[in-house]
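The same subunit A turns up in both complexes below, where it pairs with subunit B and then with subunit C.
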Partner chain A sequence: MPPMLWLGVAYLGALAALLITSLWTQNDFTGEIERAWTLENFQDLFRVDVYRTITFRTIGIAALVTVIDAVLAFPIALYMAKVASPRAQRLLVIAVLMPLWASYLVKAYAWRGMFSADGPIAWVAAPFGLHSPGYGLFATTVTLSYLWLPYMILPVYAGLERVPSSLFEASADLGAGSWHTLRRVVLPMAFPAFVAGSIFTFSLTMGDYIAVKIVGGTTQLLGNVVYDNQGAANNLPFAAAVATVPIVVMLGYLAAARRTGALEQL
Partner chain B sequence: MTATAISLRGLSKHYDQVRAVDDLDLDIADGEFFSMLGPSGSGKTTVLRLIAGFEVPTAGTILLGEDDVTTRPPFARDVNTVFQDYAIFPHMSVLENVEYGLRVKKVGRSERRKRAEEALATVRLEAYAARRPHQLSGGQRQRVALARALVNRPKVLLLDEPLGALDLKLRREMQIELKQIQREVGITFVFVTHDQEEALTMSDRVAVFNEGRIEQLAAPVDLYERPASAFVAGFVGTFNLFQGEAARAVVGEAGSFVIRPEKVRLDAEAPTDVTGLCIAPGVVREVVYLGSTTSTVVALDAGPTVTVSHPNTDTSIDAALERRDQRVVLTWRRDHLVPLASSETAALPEEETA
Partner chain C sequence: MLSPGLRRSLAAITAVVLVFVYVPLALVFVNSFNTDNTFGWPPPGFTLHWWHVAWESQGARDALWTSVRVAIAATVVALLLGTLAAMGLRRTRFFGRNVVSLLIILPIALPGVVTGLAFQNGFRTILGIDLSLWTVVIAHATFCIVTVFNNVQARFQRLGTSFEQASMDLGAGRWTTFRLITFPMLRSALLAGALLSFGLSFDEIVVTTFTASPQDQTLPIWIFQNLFRPNQAPVVNVVAAVLVIFSAVPIYLAQRLSGSGTEGMTGAR
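Up next, the complex of A and B:
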């Protein structure tokens, strides 16, 4: 019981405080928080075009990053789980985990270097008469996909490893080629693991603001709106209202994930 | 001579230094119930996996009928496998599992459904088509695996210890049922087991494997009554072995001889007419009650210890127990003795060398 109490106070308590704050307002002159109940912050969120755009952009990027990571993770995870020797398997797990040991900032700045006007991408593109795509949505998507890839690979790897190899043999035995086996046996069996991984990639992208600041150029995601309203504008109630958006989206996402049985894979 | 379903020629499979299968030649006839029997690590499962195509042989060829399938992948061979762990697809219903092979071969929907239902009827699971695998018992899953393989009407059905995970009663029922199904569908069955009773019960012929080679290939009766080596005699049933000094003393000849426990008579005194009999006096050391039979262990005066087995025709074994530590005379017919080709002392299996 005490652990649950701790969770209640530290975790849900903080979230409750956030929600309450979002229902207050700020005096435009003094900058003081006025503890009067109002839905004004949420109305602004839906009424002001720029916030609506940013919300959909954030959800879109989160979905895109999730799909990219799923596509990249699958062959790696399948190789790790079913092809590699036990020794190679251990080395690959370490290799996948290794980027997580490096600081988030270092990795984000590494991609800033990659996308800079005279960075490696520009060098490779130059012979074809092309430039680096520069900082913006594209660079943000690539950087976030890179950052969250291990969180997709590991659950999918674990999920595939639990699938007995005899199922693949049985499929081949019944006349199925590799492609058919992949589509009818491997992917359906790995699906809950993909959903488990996507919870990480999706929610981490929904909340991110640092990578966007470093490689996003002028692009803003919800995280930046929260950050800017807390810092520069010092409008804590509005920041809190913006911060509830990813929470609501994630709750919806988790509810959908639950129906696939994926949460048992976590 | 009937047509050949499978021919193995000079088949070998080596893993590093281990010869899992060692230069094997084997012909399995069409419509035969063929068993491969042996202890774990004897190579029987590797042979099955080579036929299925899950392993690539180090040397040799595999013919399915007339076709050389040695280098073909599993999906291009007209054989199907019943796996030891059944390998039922957990994300599909029973019917979808059974239809899988037909769906892959693009058999039309109505034809597919009809054949799948027939196959389920063959294994008496008509009522379970819509179930999910996790809702089935072990025995039912085993039947689904069988139906899923049979529905493709393969030339050969490979069974990898399919009854190993079932309890004894169910296993005995399935042995009889498998044999019936095999007779009905007329498909060649290649059955891998380490259970000698299973092999004897169901098979037309049994190959006993030891260290990657076939020790003996024979019909069940011949295998039991005429074992070719001490290994076979020990792996298929219990046996008494006389060799060297003991053979000369008991049998009156040099060489190695085997006598089965149930062929030996146990009496208080030697019979009067001894023509064609071997006679060996000794002392009863142990009496073991085994339900349907009683085993008596007798230390012969000539040296070796002999196990004698008798059906329990009475409801009490008091009479047998009274013989403990008493002197008895063992007799058996000389023509029941099986002479072994060579005196092999090295290749004895670990257990049951009475």
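Up next, the complex of A and C:
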């Protein structure tokens, strides 16, 4: 089957080659890649403080962005699925999808404008004697949460749609208040949908380096380290070693997600 | 049901989130008319000057055309492979159903830097191929397959196999059945998948930066490279505003196509 050849051989092959390359080394003088086995790259990755910090920072931001998006997505998805009229529901789906089609770069760029020193945020903050927080970790977190929000809203919305409305009534009949129903009935049923959405928010954050460059100031994430070490003039084997970190994290994440049945909801 | 108070607060939160979603996009649009080329807020005045400059920008035009070509090529490959994969998976109940699904999701589930670097390393270090627009197309097609696959597979699951069985029972061969039954049945799913795939490829930058040669400029790369140049910033802003406006086009098409626009629009980036 051609698709399996393409994905199975070409893509998995490329991933395998990446792992192999991470065990090679680069000659400092000639810049040629030397095909000799070594664990040097991984030793650097774990021993050098900067890389350790960047790794934890990246995972931390990925987790934070995921939580922010889940918290923002739940009310809007619930409103769309269970409160809005069919007409409003249709319009809301469009309203959520629209920004998904707007270019990724444009959205990151938009936040560069929002956070700029004399931009709208500074303008709103000025009367209170405050400044724009400027470019950095905070702007990066906001921008990434913004970028990936639709990826969380859509699966959660689809998941909540599947919760039968009769369950809400049954729960109410049995004496549960709205909050209780949400916590004990709706959230557990929607959980796989949250996990499905989180795969995107988490993975996209782990692999991002563009948004960080646009709004992050000097902040570095794993993606930046990978990008800065690629190319002919740099250290591809080390970049490959760094890239294994998101692979391992994501494979672990996917394995955990599988157990919740989230992969069927993608 | 949910209490009226809760319903009201849900409506309020929804409104706030939508404002949060649309304010930055509106800002890009307004700033494209801003006379101040560093985009001071509030704008001191409005002008169409930047739109004129952007219209004349050869770099932006070339990059746009490059992006369109790459996206079309990647979409064609994704349509072929995605459909074949969905068809293969449908007829055979072979052992690796989950494995195949996982394999198809993987290029999009793994972070962009990983897919990008894996391809770059594969092409350059392992195969010794120079990077070009073709390497970009191969990389893009790989993560676009999932969009077509998801749509086609959902359609298969919904419609079952009875129409095709009836066709075969009535004496139509495999090819005739595909032409007259399967393909018409899939048409709108294929269109939705193609639309998503095109959008995905057109917008992609992370994998692209790893798999394109320095001479190749897709539109996202052009934007990214000109973003930090102060005298180019207003032009970039106009291009960004145009892209925001044009993002309504696929939504409109999808609505016309499927009636609800949600099938296949969820779950793929």
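Assume the second predicted complex is superposed on the first by the 261 of 266 C-alpha atoms of A that agree within 3 Å, B and C clash if a C-alpha of one lies under 4 Å from a C-alpha of the other, contacts with A are read in each partner's own complex, and residues count from 1 in each chain.
Note that a contact is a pair of C-beta atoms (placed from the backbone, for glycine too) under 8 Å apart; a residue touches a chain by one contact, two chains touch by 3 or more.
Computed from a prediction, not measured in an experiment: that's the story for all the values here.
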*Of subunit B and subunit C, which one contacts the greater number of residues in subunit A?*
C
*For A:Leu105, decide between first (touching subunit B), second (touching subunit C), both and neither.*
second
*Once the structures are superposed on A, label A:Asn27 by its partner contacts, choosing first (subunit B), second (subunit C), both or neither.*
neither
_Let me test your reading of the model: by the given contact rule, A:Glu169 touches which partner, first (subunit B), second (subunit C), both or neither?_
both
*Which partner does A:His180 contact after superposing on A: first (subunit B), second (subunit C), both, neither?*
first
*Could you say whether A:Pro188 touches subunit B, subunit C, both of them, or neither, answering first, second, both or neither?*
first
*Just which bits of subunit A does subunit B share with subunit C as contact spots?*
169, 172, 177
*Can you list the residues on subunit A that touch subunit B in the complex?*
164, 166-167, 169-177, 180, 184-185, 188-189
*asked:* Which residues of subunit A touch subunit C once you look at their complex with the stated criterion?
replied: 1-4, 6-8, 10-15, 17-18, 21, 33, 72, 75-76, 78-80, 82-83, 90, 92-107, 109-114, 116, 118-120, 122-123, 146, 149, 151, 154-155, 157-158, 165, 168-169, 172, 177-179, 181-182, 196, 199-200, 203-204, 206-210, 214, 222-223, 226-227, 230, 236, 239-240, 243, 246-247, 250, 254, 263, 265-266
*subunit C to subunit A touching residues, read off their complex*: 1-3, 5-7, 9-11, 13-14, 17-18, 20-25, 27-28, 31, 38-42, 80-82, 84-85, 88, 100-107, 109-115, 117-122, 125-126, 138, 141-142, 145, 150, 199, 203-206, 209-210, 220, 223-224, 227, 236-237, 240, 243-244, 247-248, 250-251, 254-255, 260-262, 265-267, 269
*Tell me, which parts of subunit B touch subunit A in their complex?*
52-54, 73-75, 79-81, 83-85, 87, 89-91, 100-101, 104-105, 148-149, 152
